[in-house]
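Think of it as A, B, C and D in the order they're written, each chain with its own count starting at 1.
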Amino acid sequence: MTGLQATFDLATADRYYREYGSRAKELKAAGNKIIGYLSALAPVEIMTAAKAVPVRLKGDVSQPITKADAYMETIVCPFVRNVFDSALKGNFNFLDGMVLPHQCDSIDRTSDVWNYSLKLPYWHFLNMPHVTDGPSVEFTKEILRIFIASLEKFLGTKITDQALAQAVKDHNENRRLMRGLYNLRRGDTPLITGVEMMKVLVACMSLPVTESSALIEGVTRQVKEREISPRGKVPRIMIVGDQLDDIAVIDTIEKAGAALVMDDISIGSKVYWPDVDDTADPVSGLAERYLKKLKIPTTFVSEGANYRENLEARFGHLKQYIDDFNINGVILFTYKYCDPYGFDIPAVKSFVESSGVPVLYLEDEYSTSTLPRIKTRIEAFMEMIV
Amino acid sequence: MAYALGIDVGSGYSKAVICEDKAIRSYAIAPSGGNYQETARNVAEEVLKKINLTLEDICFTLATGYGAAMVPFANSTATDISCHAAGIHLVFPSVRTLIDIGAQFSKVIRLDDAGRTLSFLLNEKCAGGSGKFLQVIARILHMGIDEIGPRSLASSNPVQFTTGCAVFAESEAVSRIAEGACAEDILAGIHKAMASKIVNLVTRIGLVGACAVTGGGAKDVGLVKTIESELNIEVLTPHDPQITAALGAALLALRMVSLNGGDKESEKRI
Amino acid sequence: MAEDKKPRTLATESAGKIAKFVRGNMASTLKAREEGKKVAYTYINDGQDEIIRAMDIVPAYGESFAGVCAAKRDAEKYLQKAEAENFSRSLCTYATCTIGFDVWREELGGQIPPETPWGGMARPDMIIGSAQQLCDPRFKWPQATQHYLQDVPVFVGSMYYPPWDPNMDHKDQEKLYVKYAADELRELVLFCEKHTGKKMDWDRLATIVDLTDRTWDLFIETYELRRAIPTPMDTGDAMNTMVPVTFNLGTQEAYDYYVMLQEELKRKIEQKKGVAENEKYRVVWGAGLPSWFALSDFQYFNDKGVVFPVEVTYRNAEKLDRLDLPKTNDPLEHIAWRWVRFWTHWYEKARRRPGSLPKVERIIEYLEDYNCDGVVFHSAFSCRSWHAGIVQQAQVLKKVYGDIPTLIMEGDIVDISSYNEIDTHNRIDAFVETLEAHKKRTN
Amino acid sequence: MRTEMNQYFAGVDIGSTMTKVVIVNEGLRASVVGPTGPEHRKLADKVMEEALEHAHLAFDDLTYIIATGYGRINVPFADKQITEITCHAKGLHSLLPTARTIIDIGGQDSKGIRIKNGKVIDFVMNDKCAAGTGRFLEIIADALNVPLDALGALSVSAEKVTPIANTCTVFAEQEVVSQLANGEPLASLTAGIHDAVAARICAMVNKLKIEQDVAVTGGGAKNIGLVKALEKRFGFALLVPHEPLLTGALGAALMAKELFQNAWAKGEKLKRSGEGLKEASLFL
């Protein structure tokens, strides 16, 4: 593809992070179709198979919301409001369309606001269910097929099962590579900092899958050559929660003397851990992953013979991470007005604490205006656990 | 000739205007304080004294504003929204969009060619974009509310305020100051934050015809200039923006008189 | 602010009977055990009522309990209980109020906390939630509750309908959605059978479904009497008279209630008895759950000659012939069709008016049928599902239909902390003035 | 562990409204409180100079200095920054050893802190809202034209408590002003706002598993009305240190001493790393 540079490294990630969407602009100029999406539920494999470029939209935490309030209530999740504000300010002019999976009320109830205000050539609301039982899986396959059909109609192309299978391979490979990079943070001296990792994660969600994979490989090579001398006892932190797509909070954590070595956030491990199974009908593999494998609070998990087992099914992966990355403290991070995460807080907090790891719960806004207060909490948390 | 008295008891200041046939004869302004009844009486006495009148000379008194119900000698009341509309219509007949920046609320009012309210919007149940913002910031910067405007205009790079709430803005301002930001940039930042909230209301209601700004906030040149650049139009500000609602009240009082020959026991609401 | 608000002086006697109705519902959960019945926490407008009734399960509605606490201005103590558990104050206050109550009741070993409004609700034997487009809390709240009632089984079903898309014909997707909804209802039946140890009596379900159909028709026929001028009943009353169709659907008492209401409305229409002494303005309640702690605001409207002959809120029914449901012998499939067709009922109209929205079409329909002059919305900060998107509805309405007076009030359903009576009344006064100006212009 | 007599340790607590400095060696040597202005740095210097005067010390006599509080990053002469949460725990523990839970009511923040032998084991802070902080009381006192320090006594004299519905400070202000205009007695209103603040603080602190004794510190602790309102809501008596305003600064000074002595025990000598006073003063 045009403008694609030869070497990928942390500097590339940093550039794509700072100039978010710059690659999408180039690809658009080169005649590609760019499809925006907001959350982990968007089936990127389908867009890749359609030869469109999926770009996950992010807001700007340092920018106040100045335009959105004229169209969208302030009781809507601050992330959604900020991204919408950013769109109104023309930061996503490279978009040919958007797919909005049914994730939460803040997205569902504002989908018409997005559609009517942005007036993009392509628009699709993907009505993902919240429940994972048999009928829901069948239903998910159907609505994925409806999405495929509408995308084919817009692009005037056919999305073949072969193309889908290939896209699944590419994205699985991409996820495998990212997990590899995560693993370099397991040791006593993590080879990549939380801030660097956040930049890579953000950069990758703005790139075509092949470029994203190339970037991860480049960064992996680069950091493997690092020789980092042990910093002594540094608290190892995992952050869990809502969509974080900026380094501000991560930087605050690491400046407070901690190392952020793992996350359970929706642009991070949540999307890179579960793969799509290689199924005869690619759509069933996709349905399985997006409906059942993603660990997101908008999916109702009923597994378990009793409540304890149910908690394991919902949050067990967190204990796994705590062991694998030997975590000393967990920061639970949610946004105000977020019902899906908000209702889980008491359960997930006590679940994590039951494994002997202290938890700091932060309810924040998608804005740096809160940083001074967040900073004090985080520093006090570090003073508490060392 | 009939004198009519309009009294606007706001949460910040109380204002009184006496009109005689659509002309302002006298007006007075006083802080509202904790006792609206007393304030209303005092400001009324003051405005009357200025032209040697007594309450007996007034054919109709109409009260408006936050404490309208607390004006015992009023013959009737109306909301400050229609009073602002009526008031601005006399001062600037061409105005169809009115921005009123009061102590607690900012309002945007669409009016028709007769000065009647077509529609209106108030800022949300949060003082963001209200005059309260300015009071709070003035206090922590230890400066008078009237110093604010000019100082703000001198700013070269406004501080970015990300919060909407007046009290949060305070802590945000304090930390910006702590980081070494100067008063000018803080003020300019606050003005931008307020302006964007107000402009959102204007966008929602739709900008039509000439636009005017009234209320205490209109006396803040910094804020007015910022609103102008956000809307990129020129806005009109009356000579004394604070008395617009009181003036409107007096005019509506006159209308009442002409409607029912000054029968003071007429219908209590317009 | 006065603690004990004087209740709204109700225009209809029938509305006055609702308090007893609600008390009865709450009491029935408390005496269910001695009657050997199971109690289920469940949520309104999930399409599940008939199955629950047919299985003889006593429904307990948090929405009802929290609404009562709010109306008594006695919810704060429960909201704070939930807050102490780390539930954000920005979450659905129906849920946090009820969870606060649950937490407290568990602390007391199952005893109802002291001074709980109207005796509270019984500890449930199961929790039946629903995941759908209508609201997130109804599939998050059940497990949040289960965290404190860990032995109580939770079921969450799924009831969807085709999303609005101006460029897509939802009819193509109807069958898919109906099948899914019917399958999910079947899952619910299995869950109920498992936890009650009883088998579903399908004939009984069919009778209850038929009763519901007749109740829907009766309910709408009754409400359409409010088209009369002056209107015999106002939204202030409807926030009461919605109880049977919302909380007691599929029961004979619900049906009988609307028989009674209909007779009363007909009587009032004959006698030309209106809600307001002097009906000046007719307004549509365009969207939003009410502030249960401030229902007297409807009285405030009425005192100014403003009446609400119709509201979108709690009118989750339609004359069945207007939905023209395909024939089926499977009661579950019937429920599913009724569900899908109701929620997509205004899609066709919206498609015919470019730039419009189904929700806006519904408001326009009411504006015309009930000959109204304006629209009032209420935006509750803790509830995204019914209240996000109102700003757009008001804007689209003005764009596609004309510049009619609208008012968006802000507050909450249960949490009184952001409510300011003086300010609210001031906004209402100003709105009345715009209605007046609008009338002057249009006449 | 022994300290040499010539070792002095200072704690500087820059709160949103007050700046406090405490100097200790064996015991308390000096404590000074001054208002916090927009120019933190200058003020920190001024208050420190004053404190040194009281203690008859020169700046260079200080062995180690720790800054805490809201403006802790802006104390160029400090050697280390530690959050007010850790410092309050330290300071309070030295004043009231039986306390297990601390409620700190500051100008901008309120905190609940659980401590075990002087160490923080859990804490909560008020969300980004002035309700439940000293600022709420300040703004209301302002609106009612009652001096802040008279507010507490006034509310205790109230016959009834007027409930305040609004949590938002700005609207609560509007509410009390109109209530007053409605002829509601001033005393009952002040009682109402104290109860409102107490309610917010309780809701926050209850997120911790409260363990008695519970102590109140910070500016709010000097407000008898607020303390009484809190005691009513909690249903048990609260401990209040003699100088609640100084708890954070004292804790910072004690942390300075502890850090220095721990290092000393390991044979290390912590070096002063902060700037000098004069330079800092010239800086502005």
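Throughout what follows, a contact is a pair of C-beta atoms (placed from the backbone, for glycine too) under 8 Å apart; a residue touches a chain by one contact, two chains touch by 3 or more.
Everything quoted here is computed from the prediction, not taken from an experiment.
Show me the overlap between the contact partners of chain B and those of chain D.
A, C
With chain centres set to the mean of the C-alpha atoms, which chain is at the far end from chain B?
Measuring from the centre of chain B, the most distant chain centre belongs to A.
Between A-B and A-C, which chain pair is linked by the larger number of C-beta contacts?
A-C
Would you kindly tell me how far, in whole Å, the mean C-alpha position of chain B lies from that of chain A?
Between these chains, centre-to-centre, one finds 46 Å.
Counting in whole Å, what is the centre-to-centre distance of chain A and chain C, each centre being its mean C-alpha position?
So the centroids are 35 Å from each other.
In whole angstrom, how far does the Cα centroid of chain B sit from the Cα centroid of chain C?
39
When you check chain D against every other chain, which residues touch at least two of them?
Residue numbers touching two or more other chains: 70, 128, 168, 171, 174, 178.
Using the touch definition from the top, which residues of chain B touch two or more other chains?
Residues 66, 124-126, 163, 168, 171, 175, 204 of chain B each touch two or more of the other chains.
Quick one: which residues in chain A touch 2 or more of the other chains?
Within chain A, residues 70-71, 363, 370, 372-373 contact more than one other chain.
Name the graph shape formed by the protein chains and their touching pairs; answer line, ring, star, complete or other.
Shape = complete; every chain linked to every other.
Which chain A residues qualify as touching chain B in the complex?
Contacts found on chain A: 62-64, 66-67, 69-71, 74, 367-370, 372-373.
Could you please specify the touching residues of chain C with respect to chain D in the complex?
1, 3, 76, 80, 83-86, 416-420, 422-423
Give the list of chain D residues in touch with chain A in this complex.
Counting only chain D, the residues touching chain A are 70, 82-86, 109, 119-123, 125, 127-128.
Which residues of chain D touch chain B in their complex?
16, 37-40, 70-71, 73-74, 108, 128-130, 135, 139, 143-145, 168-171, 174, 177-178, 180-182, 186
Along chain C, where are the residues that touch chain B in the complex?
304, 381, 391, 395, 403, 405-406, 410-411, 418, 420, 422-423, 426-427, 429-430, 433-434, 437-438, 440-441
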